[in-house]
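These notes open a run of structures that come right after.
Okay, so chain A shows up in both of these, paired with chain B first and chain C after.
Right, the complex of A and B next:
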């Protein structure tokens, strides 16, 4: 075995043990897209679980977004992986959950902005898939490069509250009782690719046909350019992201976590995996909750009393400026986020209607009546119900 | 000048020593090369300046002679292999082998792996 493989395995084991990621006997769903990251994750978790006797019960959980020529092919890879790694596989589809495939969404809204829908839907789909299996912990293949990209994107958008979600190895939120973790958080993408190559892993390497998302693409190019000059830049950015996240008051990060059923979308695409659209997400949020938009971009940071007094002073001086005064009233709301259930689908949400239902509502209203009749045969569910409502509205008008 | 192309190639290939290497593309890069991952490539052992042929010479050669896709920028940027593409020479990271300065030998295996495609 080339040394690069054993080093990578040892480092991943150290991350898992050091962060106390798993408990003995825990059932773990691996978010599997068939791509390199999740395939390496499945392979290495199987190896380490056996070698170090973690006592984990592993399975694969895949999301079928309904993208012909992309996801159908990559799911074939996941099906082979299930056999290769001897793990059960569960596939949940946007079609059954929401009544819409991504192909249909794109036919309706066009390619621009479709990643937003995909990201919001995926977040819930993974949770629902895990819930279906009775599993409380989903691991995803996010690697150090993905996280560095997201850190850069959040910085460039001035969105520090999101950093905590992006950089924590384990995230759980009030929006879900299912824990997420990223065991490959400190693994360079390069190591993952080399591991997959040397272990001759069977993975799928085609870009999503709808994907190219300009902002993440630029952040990605920046990271890769930096890596060329100084390879450790990637982990250094991850580290900086963690340190900055620690400076954000918890109520700010929590508010973001609660209000976004989809906060992982910032790192969420490529299936459970990295390429979704933080930028579009920010746009969406502004559209969905205009009054909240200012809170996300709130830059005033008041540190807890035990914080660095020098920094605190500086920030308070800044806080006194007129710009911040204007924003201040908005901030109270951030702290008081109340978790409830979506009125439409019952999914945990901080708003009365969860983000997925809002998006679906928009889609369903615009859906041609003929389409509605066809797909209304599907299982009785909230989305179907909404389609009936949409149909009524259309026929009434 | 005026000579048929095949004749001139024949004369060069007989007069100059050549090396044969294997070039491999994975991780989605094979898409740019007619979806063929493995290629046997015959190169002159010396470049136009009469020096031993290097990876630095190989890369433009691949673009001109092997790539079927017009999107060269997915493989080469600013004259270098696009950042995010790993290059392995006989299974070792090319960063350990002098990168584009590496002098190719007969029988070498050069692998290009894209890390840029979705997970």
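Right, the complex of A and C next:
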């Protein structure tokens, strides 16, 4: 066995033991997409489980999003993996859970924004699949590159709650009694590719045919360039992410993500491709710019001199002061989320209706009686953006 | 672009000539806008916030680039106004210029005197060189020893500095070292001059690049400390009054400044070390390019990076002794480390 393989196995073993990821006799579902990460995860967990006698009961859990030409092919790979690794396989489909395949969602809402649906649906689907199997622990193939990307992405889009969660090796939330963990958290993507290559693993290497989101695309390009300058920067970013997670104000970090709104939606499906609206970056840009411009449209209020002095003091209104001279607004109070159950589907949620049901509601209301075609204009817009993202020239080339 | 018939949204009388953050402004109101953004961040040093009669002495490092010139121009105007209206000032500025090259001290002095003729109210320190850090900072050599860098007998400050930089095997470690030494030099100078704080000229864009760059170098834990206004782990107050302004806005501002001020702009020889390949780029340069290029399309997104990172809680010095080199809190385990993760990482790229 080439030394790279044994080093990689030893490191993964150390991560598992060091973080006390598993308990003897635990049943573990491996979130399997057929891609390299989850295939390597399945292979190495099988190897380590036998070698170090973890005493784990492993099985494969796959989600069928219903994307023709992508998921149907990758599921064939997972089916072969199930035979190769002698593990039971459970496949949960979006169509049976939600009545919609992703192809149908895309036909309805277009290529932009569909990744939000996919992410929200997947989170629930994995949990439901695990629940169906009576399993309380799902492991996913997220690697160090994915996590570094997520750290950068959440900084770029100003998402501190997700930044707080992005780096933790185990995430359990009140939104679900099913634990998630990432045993390959400290593994470079390059190591995973090497391992898959040397072990001649059978995996599916096409990425999702729908668009990656701009933020992830931008963050990924950045990570790739950083890796060229200093390969260790991927793990350095993971370390930075861990340190920053500890500094996220508690009122933000304890806010529990509602089902479907968890980091999964932002971290990625089986392929490392992104899954949110392609125009997300432009949307945030627009929102921030509008918010800023709106600050200046506020009307200045000058209270009469005999007004309530307390009010005057609280409002800090100064007659004749420049409109730029505004006091910083008080920090928004963060409402801590309380978990309950979705009124519709009974799934754990912080809202009365869970996010998946909300999205479904919208979809079902708009379900057309006639088929909708994506207009040429919309197509053009989306590809232009894709090109922009692809052409993010940050290297000095 | 706004048409000539659009009136400035602030004064409603002059035709607007600029579109700034989706608002059409005339030149005069744009200059007010920039000044107000800067002065808002200087509120700590206003008369009304003064305790007793304690006038603050603030060190202002001026590189001669766009940002530091705009900052100086705005603060100078504020001080002049205070003198006119009250006959006294709320704070005094002490200006220091670090020569860009070790040998450029005379040129630096020449530039400083032209700056002084524009802004004559302030104290100007003699031009310093980076190698002066060994002179003013009593702890820096002990800190460098932790990186395996020890001064040889009878080695001059200048030679030792050159050797420190040549021992850095990557552009990233080199720029990391330069930043650290520069910061130590400024802080030590401020302390030697009995200054209460340092006023830094980082624009929003450069703070954003810095934040991302620190993250990429494994220094994520010190980002909130690096960005905070107020007491810093260095034992002095740090302020970043340009934190709400984009670099492009500062450039626009300087473009509308008086000829004499614009004449003080030092052309920085940045292009000289523009690397030929990505591999020889430093992480700092990469991130700064990234913020600039992305900022053209998504300026607010890039501005939001600083706001987001500033929401993280800065760690006080109470958590234990900081890193001996960068003074930031150490988060690596419970072992008795003297260097933080980021400095340990940098050390790996340093070999004699």
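Keep in mind that, in the parts below, the second predicted complex is superposed on the first by the 295 of 397 C-alpha atoms of A that agree within 3 Å, B and C clash if a C-alpha of one lies under 4 Å from a C-alpha of the other, contacts with A are read in each partner's own complex, and residues count from 1 in each chain.
Throughout what follows, a contact is a pair of C-beta atoms (placed from the backbone, for glycine too) under 8 Å apart; a residue touches a chain by one contact, two chains touch by 3 or more.
What you are looking at is a predicted structure, and each value in this text was computed from that prediction instead of being measured.
Between chain B and chain C, it is C that contacts the larger number of residues in chain A.
Applying the stated contact rule after C-alpha superposition, one finds that A:151 touches chain C and leaves chain B untouched. After overlaying the two complexes on the shared chain, residue contacts for A:225 are found with chain B and with chain C alike.
By the touch criterion defined above, A:367 lies against neither chain B nor chain C after alignment on the C-alpha atoms of chain A.
In the superposition on chain A, A:239 makes contact with chain C only, not with chain B. By the document's definition of touching, of the two partners only chain C reaches A:247; chain B does not.
Shared contact residues on chain A (touching chain B in one structure, chain C in the other): 225, 228.
For chain C in complex with chain A, the residues that touch the partner chain are 9-10, 21-23, 32-33, 36-37, 40, 170-172, 211-212, 214-221, 223-224, 274-279, 281-283, 286, 289-290, 293-294, 297-301, 303-305, 307-309, 311-315, 331, 341-342, 345.
For chain A in complex with chain C, the residues that touch the partner chain are 151-152, 155-160, 218, 222, 225-226, 228-230, 232-233, 236-237, 239-244, 246-249, 252, 281-282, 284-285, 288-290, 292-293, 296, 322-325, 388, 392-397. Considering their complex, residues 26-28, 31, 83-84, 86, 88, 91, 93, 111, 113-119 of chain B touch chain A. For chain A in complex with chain B, the residues that touch the partner chain are 2, 33, 35-38, 141, 143, 145-146, 189-190, 192-194, 197-198, 205-208, 211, 220-221, 224-225, 227-228, 269-275.
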